[in-house]
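Both complexes shown next keep chain A, but they swap its partner, so chain B is in the first and chain C is in the second.
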Partner chain A sequence: MLKLEGISASYGAVQALEGVSLEVEAGKIACLLGANGAGKSSTLNCISGVVPIRSGAIWFDGQRIDGRSIEQIVRHGIAQVPEGREIYPEMSVADNLVLGAWIHRRDTKQVRNDIARVYEIFPRLKEREQQHAGTLSGGEQQMLMIGRALMSRPRLLLMDEPSLGLSPVLVEKLFEVIEHLNQTGLTILLVEQNAQLALKTSEYGYILENGEMAFHGPSGELRSNEKVREAYLGT
Partner chain B sequence: MYGSLTRYELAWPLVVVAAAVLFPPYLNNYLLFVGSILLVYAVLALGLDLIMGHAGQFALSHVAFYGIGAYVTAILQSRYGVPFPIGLVAAIVVSAALAAAIAVASVRLRHIYLGLATVAFAAATHWVFEHWRNLTGGVDGMRLPPADFMFFRAVGDAANFRVLAVMFALILLATFLLVRSKLGRSMAAIRDSEHVAAVSGISVARTKMWVFMISSAYASVAGSMLFVFNSFISPIDFTFAPAVLLLTMLVVGGMGSIPGVIVGAFLLGILPEVLRTVLRNYLVWQEFVYGLILVLSITLMPQGVAGLFKKLTAKRREAK
Partner chain C sequence: MSTTLALVIISGIATGAIYSLIALSIVIVYKASDAVNFAAGEFTMVGAYIALFFIVSASLPYYLIFPIVAAATFILGGAFERLVVVPITNRTKGRENPLIPIVIATFGLSLMLTGFVRVFPYTEEVRSLPPLIRGAPIFVGGVPILLTDIAIVVVAVTAILGFWLFFSYTMLGKALQASSQNPRTAALSGIPVAKMRMIVWAIAGLMAGVSGMLVGPKLALTPNLGGIIMIAIAAAVIGGFSNLPGSILGGFIVGVVQNLIGYFFGSTTIAVAPFLIIMVVLLFRPQGLFGGPVHVKKV
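On to the complex of A and B.
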């Protein structure tokens, strides 16, 4: 479904990615691991079109999408859940969701239905519907960010460290949600620091080191790989 | 969803119009003049707040568009006999077009550089006002004829004030509508997080351009309003000083809050009049008082009057 062929990207003189290749099959969960600054977020932002690539190619559903505008890429069906607590704090929960459906803004009926669907997945958001998003707890804000990304009706969801700053109980819940979304047919590319959980949840894993692909393989194999265990799983 | 207006938002413009109809007979010419200035400031401040408070961008070019609005309307009427309503629209078109050109040219600039580009534009415009003597009269300024409203003959300060109040009411209504529109929501999205807005499919560059155009058009309308009740304009009216005063209005009132910004514009607009009577022989202290108000406002109420009000009502609600 998604295929990155040797993409490179840089911020000014700083090289962020060097010849990164990666593939996500339709209906699967793939994870992208690596230390801070290894280029995980840059990879997602290249896919979303936020960061332009210098060389290589990005394919989605057989079409080349690199060089297209961010908006076009969202319209193709790729949504991003950014890193951190990137919500609109001064707006209500409902308005945050409405803005996630920007590309469908003319179809108010569909937007209403999709909001109801998001509330089914996250009943907690329904309770806080009219509250300012800035007053939500960390876990609730993460749910809101996922809900907002779903509002564009993506087929591929890019998630950037969704477990960041969440308590262990919430992290477990979060991964249940990720698996649930995947079962409804959503393809997911998951960027994580929590390598243990990410490799358990995904089918295929990639590990970046200093902007280059260091390891990749079925998640089960990566988990038993000696070097991966040492560097990323701490065992 | 992109909600319709609340009852308050519909009521306020009507209150303004009603006040404008009722009060003028009780006001002398001086008070009418002060009232007119306050309305002009309010429109200027609302326009600047669109880009700073609602979209989170920075611009110092409003004073230039304010001048363009005044000069275009004035030149069209006094030199070519074009009545005020047409001059007003022409000024809006000229301002919006110039704003679009600046936006296109500076699309690659961010943060402080965008601010500097707008400062450069303001300086260049001021230079044109001073040097295009055949048209603007240069530093000697321009005597203005009474505004020709085309549809009716208005004589005197009371009638002018009423026209300005109606214009202000319309601008207020437009602002409420704009903030609740799709464009208004996308503005707020960009203010809160450009990254999220972008990956939600909102075109950041296009939204910024629209906001800049609309907000510059507000300043242009304020300039045209200045033409209505003034008999004289000169380049001095459009220097850096009013630009700073305008910023102070937003800071004191509370950026991003429509009532707050109007209160800020009224407070700081009326201040020179108050100081003139209170300080009288110590007018040199006026600038000092401005500075003091700005510093106190930033330290004591960083969210401005609007933020202070919000905090107080929240406390009262908690007490219950």
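On to the complex of A and C.
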């Protein structure tokens, strides 16, 4: 479904990615691991069209999407849940969600249905519908970001460290949601610091080191790989 | 309360409604671009002169002049963003203090507009616009209230209400807010953030332009009318500079306080009022009268 062919990207003089290749099969969860600054977020931002690539190619459903605008890529069916608490703090929860459906804004009926669906997945958001998003807890804000991304009706969801700053209980719930979304047919590319959990949840894993792909393979194999265990799983 | 005092306050409310509009114009640009548009006062002045031009040369009625002024200042605001602010932003990306060049450009625009209107007729002498409505004043408890004052407040409040409805309830208005609050995330949802920023500047131009049409009948019209921006900045400061309802209320407060200062200490002291208000607010409540604690902006 998604295929990165040797992409390179840089911020000014700083090389962020060098010849990164990666593939995500439809209906699967793939994870992208690595230390801070290894290029995980840059990879997602290249896919989303936020950061231009210098060389290589990005394919989605057989179409080349690199060089297209962020808006076109969202329209193709790729949504990103960015890292951190990226919400609209002074707007209501409901408005935060509606804005995720910007590309479908003319289809008001469908947008209403989609919001109802998001509330089904996250009943907590329904309770806080009219509250300012800035008043939500960290976990609720993460739910809101996922819900907002779903509002664009993606087929591929890019998630950038969704477990960051959440308590162990919430992390467990979050991964339940991720698996649930996957079961409904959503393909997911998951960037994580929590390598243990990410490899358990995903079918295939990639590990970046200094902007280059260091390891990749079925998640089960990566978990038993000696070097991976030492460097990323702390065992 | 003496009748004179009541008159002073009522007149203050009418001018206050106008200041609210200009303050809103400044604050929405500040929220979208982080920069203060120091040419907002000149948008007011240009709006007033466009109205004057069509009244004197073509005797157009106000209901026809209103859309002309609104459209012209809307385009002027959007064009300035696209032709000046965007190129500057692209050139200063990643540099230290990228906003200073933008602010200086707005100063430049204010000087250009002041110079530019002098080319047109009717600007060489002090004039003023005819009242919005003619007719005998209405007496409320023995106090005569001018119809034009009522009309100013009604038009300004209607405009403000319209903006509020637009920003809160339409998808475009919400996207404009979102692009101001978190542009990176808005872009990830496919919202064309650059276009949104241009629309905000255009709307800000329109707000100030319309205020010019309202201020024209109350104040003497000269190409230096742009100085009115200090009063609007005082209103915005009362609102904490990023709180829209606070800025609206700030406009009314400044309008009334200014008149009261003039009433008690003589009309020559009126000019000092906005500066006094800015200083007092910044000294005692820098977050504005209505904001919470001071927010440190994330970088």
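Keep this in mind: the second predicted complex is superposed on the first by the 235 of 235 C-alpha atoms of A that agree within 3 Å, B and C clash if a C-alpha of one lies under 4 Å from a C-alpha of the other, contacts with A are read in each partner's own complex, and residues count from 1 in each chain.
Keep this in mind: a contact is a pair of C-beta atoms (placed from the backbone, for glycine too) under 8 Å apart; a residue touches a chain by one contact, two chains touch by 3 or more.
Quick caveat, the model's predicted, so the values are computed rather than measured.
J.: Looking at A:70 after the superposition, I want to know if it touches chain B, chain C, both of them or none. Which is it: first, second, both, neither?
T.: both
J.: Looking at A:12 after the superposition, I want to know if it touches chain B, chain C, both of them or none. Which is it: first, second, both, neither?
T.: In the superposition, A:12 touches chain C alone.
J.: Is A:112 in contact with chain B, with chain C, with both, or with neither (first, second, both, neither)?
T.: first
J.: Do any residues of chain A touch both chain B and chain C, and if so, which are they?
T.: 48, 50, 70-71, 74-75, 79-80, 82, 86-91, 95, 98-100, 102-103, 105, 148, 152
J.: Can you list the chain B residues touching chain A in their complex?
T.: For chain B paired with chain A, touching residues are 1-2, 182, 185-186, 188-189, 192-193, 195-203, 256.
J.: Of all residues in chain A, which touch chain B in the complex?
T.: Listed in rising order, the residues are 48, 50, 69-71, 74-75, 79-80, 82, 86-91, 95, 98-100, 102-103, 105, 108, 111-112, 148, 152.
J.: Mind listing the chain C positions that touch chain A in their complex?
T.: Residues 94, 171, 174-175, 177-178, 181-182, 184-192.
J.: Considering only the defined contacts, which chain A positions touch chain C in the complex?
T.: 12, 48, 50, 70-71, 74-75, 79-80, 82, 86-91, 95, 98-100, 102-103, 105, 148, 151-152
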